[in-house]
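In what follows, structures are represented as structure tokens.
Consider the two complexes below, in which subunit A is the common component and subunit B and subunit C are the respective partners.
Let's turn to the complex of A and B:
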């Protein structure tokens, strides 16, 4: 089995690319691959804990939690996160906080990289 | 595993979006990735500007005055200071009427490298040679 690294930059609300990234991550994990997901840019707004699932809006918390239980690693860009007012102590438990070199480090060991650009 | 090459390709204009800036900062982070890797392992990026990505690379930017953020010019100078290979598409500079002489330079700050203005064919070759391609 291989390793897939996904760079996810789009926001949770406003487009479907974020949803695609998570669904792809889950499909790859279900096939037995290792999967790392790097959140940067607007995607980092999705790691706030306590998201209320209003039915008119996408939510990420339940999906991220489920995927982490399956073994998918999520890492958020600390600078992008705090710039959006997302704080570590009020973010989803299990999400890694690091800097951009985490993404490059994951890329180094990846068989495939999918960069999903954002806004 | 040794060295892994990555081609960062910027095709969006600076300031209009966040990701074109993030391409630059992610590429620069190759300088510190080794703390996460085994001895001897490295990541070598190239940073390539094509299409509208060549916009906003000129000198004398007033980003702090106008937007309250650091300028792309500063980031490009930082690229030179950390020996990052930066390639800007010659044909696209001509298309937008940008004089290559107006691109940022960090020579006075002690940089050993400068921004390369190269034909698109050379950028395609960089992309072909890279193990991973990241398009912003």
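Let's turn to the complex of A and C:
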């Protein structure tokens, strides 16, 4: 088994690239790989707790929580998060808050890296 | 180094792909149109440039594209198959 690190920059609502990142993370974890996901840019908006789950829009809280229970690690860029008004005490429990060096460290130990750019 | 590139757009990536020069292409999101859509009766030029071609089945279904219409050069994979492609077919991967 290997390790996949995904850098996810696109925003949340209605964004298929964001959905892709989570679905790929889940598929890799289900096959026994280690998976790290780094949120940066507008993707950091997806770690806010208490998201309303609308029928026609993708939301992340339930999916993120399920993936963390499976062992996927999520880390958000602290600077990107606070710049968007996301506060640590009102974010999804279990998401790591850190800086770019966390992403670089994860990349260093990964067998495969996929960076999905923002919009 | 064997490089696989995710192509997530239909119109804007051909020039970039030529410069990157990947060994294979994985079609996702709006990039899946390359696998099936014909322009003036011709298949996407992308399909004749690379020997390793994959398309994500879920993104075909999302767009109402029948997997049976996918060009025979392209292998249809689900998310689980995509993970195997990432780990077994390529050493590096990139996203366009």
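Here is the rule we use: the second predicted complex is superposed on the first by the 118 of 119 C-alpha atoms of A that agree within 3 Å, B and C clash if a C-alpha of one lies under 4 Å from a C-alpha of the other, contacts with A are read in each partner's own complex, and residues count from 1 in each chain.
Throughout what follows, a residue touches a chain if its C-beta (ideal position, glycine included) is under 8 Å from a C-beta of that chain, and two chains touch if they have at least 3 such contacts.
Because the structure is a prediction, the values reported are computed rather than measured.
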Partners on subunit A (subunit B, subunit C) - clash or fit: fit
Which of subunit B and subunit C A:111 touches, first, second, both or neither: second
Partner chain in contact with A:100 - subunit B first, subunit C second, else both or neither: first
Partner chain(s) touched by A:4 [first = subunit B, second = subunit C, both, neither]: second
Subunit B versus subunit C as contact partner of A:23, first or second or both or neither: second
Which superposed partner A:88 touches (first subunit B, second subunit C, both, neither): neither
Contacts of A:42 with subunit B and subunit C, given as first, second, both or neither: first
Contacts of A:33 with subunit B and subunit C, given as first, second, both or neither: second
Least C-alpha distance (whole Å) that remains between subunit C and subunit B when both complexes are overlaid: 6
Intersection of the subunit A residues that touch subunit B with those that touch subunit C: 113, 115, 117
Subunit A-facing residues of subunit C, complex: 6, 8, 28-29, 58-59, 62, 78-80, 82-84, 86-87, 90, 92-95
Residue numbers on subunit A that touch subunit B, as the complex places them: 7, 9, 40-42, 80, 99-105, 107-110, 113, 115, 117-119
Residues of subunit A that touch subunit C when the two form their complex: 2, 4, 16-17, 20, 23-24, 26-28, 30-31, 33, 111-117
Complex interface listing, subunit B residues touching subunit A: 1, 4, 6, 17-19, 22, 25-26, 28-30, 32-33, 35-37, 41, 43, 45, 132-136
